[in-house]
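For reference, the structure is listed below as structure tokens.
Naming follows writing order (A, B, C and D), and every chain is counted from residue 1.
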């Protein structure tokens, strides 16, 4: 959705928020890792990508998958374990994937997708097809050696890899400052001479601009780049995890809601009328409703699929 | 051997060089990882340590073990697989160890000793005994994620850990520049706000001064520090490995010999007479001879020791 | 929960672990617990709840997501004389920490000629419970094959406590394997400190017609199968291994020599699994017996409820296997 | 060395590997080989010698010492359609790369519902040859238990070539296990391109009295044992598995049903080892047979020649085991 306009970005964020609202209400499909509050990072980054680029991400993958253009109905189906999901309901939460849509996919092992993404970038370099691989990971992944090994090789080999750290300030209950020594996580890129930025992850326009700038560099063959986006996770780590943060902190986070922020901006700028905004929310509500209906109508896999497609 | 004088340092380097000269001539005990050319790093660092500090290192461990004061005879015995080695001839090359002498020991897995050393430092911190752990590793280890994970935790927890990279510019045949993106390997410490230096590893006085300064900081409780020493490996990777470098390069390296360098300095400064220098070399030759005799006289382990001390 | 019943009290699985760890931290002023979210959060399953408040941040340490260094530090500190307990959330992540665990900890004592010991416990949570392909693996068979490692896996509250006590007194590295599906369970626990020694299996249910050898959560699956089989007049004995390395062959053989039928049951893969080792050792000692090995199907374990259920052993499958063996040749 | 003999030539083990890899790099213009010192150096055993000159630095890549990322990149590139061969010097170091290999590569096809395949080969060198506790391990049994991984292990020049050819044509992840002690060997190799299919064991030596099932370097140890046994009139059959996953049970059972005696031989640990799996499967199909499992003693493998020799199976021990079984109850 490269160079998409602000309304598209708003729509994408609303869609993710809407779908997750439904998901978080149903207990029958196991826990979920919600993107609520972090939509601007996924959407802003997706805005910088071309159709044949590949996005890889952590288990927190709903907004990224939707931002990459996956059909909400099939995403919903995958998340509730139905056969019409892109992974036929076998991957499920934490493992959403649809490479044909430029969403190579989620991987629920923290930092586990970093070297995989570098490999995808290596394949692109080998083919010389001009595409780039983007890996979206959390602040927690920055404590893992995989980041170091991946940055070093990506820098040495000038791989077309954009590393995006969605720093929501927590790894489950552990504050980022208690788990990571660096001042800014983007500082980790410096020793490898990897171009890096730290931006406000709650402003989709800021994220999009930074992602576009760095993606363009990477596409030009300048080697990898690193983008840190400071965001806020509105819900607890997962729909089944205990919340450890104080109400005041959560309330303050809500003040930064990337959706209201963009919407208000567009309204005040006159780029969007209150009526149009209302209509947009209606459309999204309808799409979410349709997506859920589609997912519900989809069958569960049959038991013998437990043996299917191994290896 | 903290604050040891230059003559002690010269002696320590000569001892390592002398013992390795004998080792490299015997083919009956498998290959060896020689420290030749890199003695100033091991000796210089050892000069900064107190008896109860612990030194851990890579498989290239002969000079480090001797510099830490292990008996040359028992070191020789271990290296040729005899029972009077500190590890009873079971550890052998790459796994020399004698914690009672402050030499926690070698580990032949590249980067494998980094987090172990941090753990030793953690134990020291828990006991509050004021000792420090020092990990000596090669440039090759800087490509491994273990360094990143260890630096981050050591910085967060302010562990009494001194990381010393003995950068001999190669990992087997791979030039450091082809394997590692950073300009200086000590730059890797910057993101973690770990105090770092890069010094000439061919000058034992320079290494000792830098090691002393950083070890003192670490001992004070300032958290970990990182020292990079640029050195030269005179022989091939191991006594059984092919040499890939050009004769000119090897000749130029020899010009930097840390032993002749210190000896000449002491001679020109009048701190050592030609006669005294000669006597010193004689003494070392005698100690090496005695060490070899001791080792040769020591028995091989008996087969049932293959089951001993497991777990 | 902690309802006193005489000198025993009913506690949750997590509380049994927490009590054993707390007692050790009390007894050994330098001992350290570290892991992700083990501090104020109290652990993924609250199995360390309250320890942070009692012992403080220096002894109950939240770590970054860095399994390799977590175990490496645990090994190094233990090797330097400070007992450590390293909590690795799921057993799948132990794959990130096998270098310090297998290449260093398991070999340290041997390679140093006995100079170094590694009194460290790595606690991992195995098994499947809707968490998907990379959060559901049971790899006990790999670890029990490593010389120098001890491996234990409790199936109930009392053993969760007693085995953790023993693990935290061992002078070599121990891997303590619990299971996602055990945390909701509760049971009676003596209020007096005590240990469950390693290398001792127990008969969880006596029986005459067949022996089911299993461990961890699968013990309850075996017991459920026994109920179904009892209806058909098949009386099964269930052996809970508790300790995989060392392995208590005597208890197993005593049972199998009585029943003549051996069914091994594990949640992990059958290939080169715990059951393969037991079947071989039992027959090496007793000679031929009827054997059936049960475990997960040879595929990843999906978080999908339909597929997860289809890929893991359940009471019905266990009962079928026993029926098949006991009626064989009749 | 490469002496033409008709349409075969005598080559060293390393040359057989090199030829298969070179042919693949020729056939697939995007295929990539990566590993430590695989470039101008040509690999630890010169098994990639000349490939760097032929295919250049973009396709034959020296890597840093970073096994996890090496395999991760290999997996990612393969998953994205570029075939990769990742060389990991010693099997001990695969412990650093099990997350990308087991948690991602082995599960990618399943978890994506078949959208992603991982045509990658990880080549590792197993076995002991004076290199010590962390450079001598044989972990085939672990890898063969992972659904989604194929595992092969040649014992000779022809299979080294043919299995590598097949591995580099597979559409899923393959672990190719060679052995330090095989590199000095040489043998005849057809000059025409050909493959050795996975899942087919071979009879390396026909015999009537006992079956020794083994793989990799231990095949030569088994054959040496046969010579000693022949003197006593004991005629042994040796099965070279070649492929551990998939496993060729038919060939094994055909032999054992003839001899009635099964000896499994591996250099790795016996506990939950390759032999345990084979012994169980053979008896599940054929019923009780005489079985003996041989492997390393349950201890780390020292670089000390006395201790290394004491800890590994040799011809004498294998012969003793066979004698014991074949004379049992006589």
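Throughout what follows, a residue touches a chain if its C-beta (ideal position, glycine included) is under 8 Å from a C-beta of that chain, and two chains touch if they have at least 3 such contacts.
Note that the structure is a prediction, hence the values are computed from the model and not measured.
**Q** More contacting C-beta pairs: A-D or B-D?
**A** Of B-D and A-D, more C-beta pairs in contact link A-D.
**Q** I'd like the Å distance between the centres of subunit A and subunit C, where a centre is the mean of that chain's Cα atoms.
**A** Taking the mean C-alpha position of each chain, the two centres sit 36 Å apart.
**Q** What is the distance in Å between the mean C-alpha positions of subunit B and subunit C?
**A** Distance between chain centres: 41 Å.
**Q** Specify, in ascending order, the residues of subunit C that touch 2 or more different other chains.
**A** 63-64, 66, 68-69, 92-93, 99, 103-104, 106, 110-111, 132-134, 147-148, 298-300, 302
**Q** Would you give the residues of subunit A that are in contact with at least 2 other chains, written as numbers and ranges?
**A** Each of 89-91, 95, 107, 109, 112, 143-146, 149, 152-153, 156, 178-180, 308, 310 in subunit A touches at least two other chains.
**Q** Line, ring, star, complete or other: which describes how these chains touch one another?
**A** Per interface graph, the chains form a complete graph.
**Q** Help me check something: in the complex, which residues belonging to subunit C touch subunit A?
**A** Subunit C reaches subunit A through residues 36-37, 39-41, 62-66, 68-69, 92-93, 130, 132-135, 297-300, 302-311.
**Q** Using the touch definition from the top, list the residues of subunit A that touch subunit D in their complex.
**A** Per the stated touch rule, the residues are 54, 85-91, 95, 97-100, 104-105, 107, 109, 112, 114-124, 126-127, 133, 145-146, 149-150, 152-153, 156-157, 308-311.
**Q** Going by the contact rule at the top, pick out the subunit C residues touching subunit B in the complex.
**A** So the residues of subunit C in touch with subunit B come to 30, 32, 58-59, 61, 63-64, 66, 68-69, 71-82, 84, 99-100, 103-104, 106, 109-116, 147-150, 172-173.
**Q** Tell me, which parts of subunit A touch subunit B in their complex?
**A** Within the complex, subunit A touches subunit B at residues 143-149, 151-153, 155-156, 178-183, 187-188, 190-193.
**Q** Note which residues of subunit B are touching subunit D in the complex, please.
**A** For this pair, the touching residues of subunit B are 30-31, 81, 89-95, 107-112, 140-145, 171-174, 178-180, 242, 244, 300-308, 310.
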